[in-house]
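See the structures that follow.
Heads up, the next two complexes both have chain A, just with different partners, chain B and then chain C.
Here is the complex of A and B:
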């Protein structure tokens, strides 16, 4: 183990783990609305991790595109299709 | 029972991943513990030349990221802007021939509308500050434009599709602003070269500052002496990119906010 652990590094690991879990939840979720919200949560976790990595230029672009526009675009698309992913038989649940 | 088992497995996985990341980061030196005191050689080079007027390669800006984006690798960013422009053109081509529909989304409740109207003032101010200070602080044209586009998105969702179109934000006008931004970028990109050709000297495309072997530059102080630092081409390129990105993304959002019924029969025109 390292001789000294910084809070910054623990928080980066924590946020990246959140991002991993939320990505997994996005993949397995059948309700598209929930999947989009999980994905936005993943973007928030990435934003916080990028902030801790001292990359403010990236954060400014990522927070506008990843959290704002990406989520809104997918909600627009979702409003014009089915909310629930179809099961194997082809019938919507 | 099954859900609890999965939750426990996820919790164990999270713990393992946290510990693994920590040990891995510390061991491989990707993020050394304690953090390294020096910079990598490449970072060192940029940090030592970007705001150092004794260097031949300086870009007159204390913001290293913007210097790299618009000066050191400026042509890359110009091409990125071109690709983005083509993407917008593609989005417009999908919905061509559609008239402004009479059926409109009316917006949300009074509470949401009031709060949105307050934030709608604040977001463009922040966007302009990010874009116009792009040569001094983190940020730049693209970031500012993206933030601005979030404001127009908010206006469409909370205040209805008629809010922007009723204030003259038509498709053609936004496309004109988008094209104006791109033309400004092209103009700034070749301005130093044109100056050099007029003087009969050596010059480059996307040249920013004076160099001993290419003795033209766009200056860096407004007002001379103790004037305002504008970092040569960086300020103008940020401004043009802000114009282009905010108009382009707002246009796409306005098109996406059109009612479904008008899109179904629109292409037959």
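Here is the complex of A and C:
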């Protein structure tokens, strides 16, 4: 009897790979506006993973908080503060 | 075998994201970058808690099918057994709904602290804030 492989678990692995790439790009990005956009994309990947993990109630809460509120909050902080991160190890400006 | 390999891959990716966000919180000097990495760490912890309730073969949402607003029949024993054999564990999901909202509240507070620090010291770089505090 061949082992059954679920398509939704393969798709979870795909979306987690996507989230890992976006987290790395958030980590190395100097422009904070681009970092916020990358983290919003990572939240979208987590939302799709939660959908495939059979948690529809969590998707309803997380798509409002993770994609909407986090991004709006970080953009608000960014509008009040500076945009570019200082070079690591170099002289702080 | 393939299913176990897929889950090993998913868990190792989740662990890699946790390590990356911890590194970003510890080593990056910008306070806003620390906040973004903190939010990613919290979401990854929530996702790991949801993954605890999902095993191989459990693919159905934890909502009993066949119940509508107008028609709500009592389920039989066989229906309940087949439902329990395919539905995921609802307890982590119930806990994580609360954790998402609490994480948002904590993040709003930390953002306010970061904006106060910028208003006082004129920078978000923690090295520069420490230097200007000691002057």
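As a convention for this text, the second predicted complex is superposed on the first by the 83 of 93 C-alpha atoms of A that agree within 3 Å, B and C clash if a C-alpha of one lies under 4 Å from a C-alpha of the other, contacts with A are read in each partner's own complex, and residues count from 1 in each chain.
Heads up, the rule we're going with is that a contact is a pair of C-beta atoms (placed from the backbone, for glycine too) under 8 Å apart; a residue touches a chain by one contact, two chains touch by 3 or more.
Small disclaimer: the values here were computed from a predicted structure and weren't measured.
Participant: Kindly classify A:68 by the partners it touches after superposition: chain B alone (first), chain C alone (second), both, or neither?
Facilitator: In the superposition, A:68 contacts chain B only.
Participant: Which of the two partners, first being chain B and second being chain C, lies in contact with A:78: first, second, both, or neither?
Facilitator: In the superposed model, A:78 contacts chain C only, not chain B.
Participant: Chain A residues in contact: does chain B have more, or chain C?
Facilitator: Between chain B and chain C, the winner on chain A residue contacts is C.
Participant: With both complexes superposed on chain A, which partner does A:43 reach: first (chain B), second (chain C), both or neither?
Facilitator: In the superposition, A:43 touches chain C alone.
Participant: Check the residue A:21 against both partner chains and state whether it touches chain B (first), chain C (second), both, or neither.
Facilitator: First partner only, chain B.
Participant: Looking at chain A, which of its residues have contacts with both chain B and chain C?
Facilitator: Common interface on chain A, chain B vs chain C: 3-6, 9-10, 12-13, 16-17, 20, 56-57, 61, 65, 69, 73, 76, 80.
Participant: Please give the residue numbers of chain B that touch chain A in the complex, ascending.
Facilitator: Against chain A, the touching part of chain B is residues 10, 14, 17-18, 21-23, 25-27, 31, 33-35, 65-66, 130, 138-140, 142-143, 146-147, 149-150, 153, 157, 249, 253, 256-257, 260.
Participant: Going by the contact rule at the top, pick out the chain A residues touching chain B in the complex.
Facilitator: 1-6, 9-10, 12-14, 16-17, 20-21, 56-57, 60-61, 64-65, 68-69, 72-73, 76, 80
Participant: Considering only the defined contacts, which chain C positions touch chain A in the complex?
Facilitator: Contact set of chain C toward chain A: 1-3, 6-7, 9-10, 13-14, 16-17, 20-21, 23-24, 27-30, 32-33, 35-37, 39-40, 43, 46-47, 50-51, 54, 56, 58-63, 87-88, 93, 96-97, 100-101, 103-104, 107-108, 111, 114-115, 118, 123-125, 127-128, 131.
Participant: Going by the contact rule set out above, which residues of chain A touch chain C in the complex?
Facilitator: Chain A residues touching chain C: 3-6, 8-10, 12-13, 16-17, 19-20, 23-24, 26-27, 32, 35-36, 39, 42-43, 46, 49-50, 53-58, 61-62, 65-66, 69-70, 73-74, 76-78, 80-82, 85-86, 88, 92-93.
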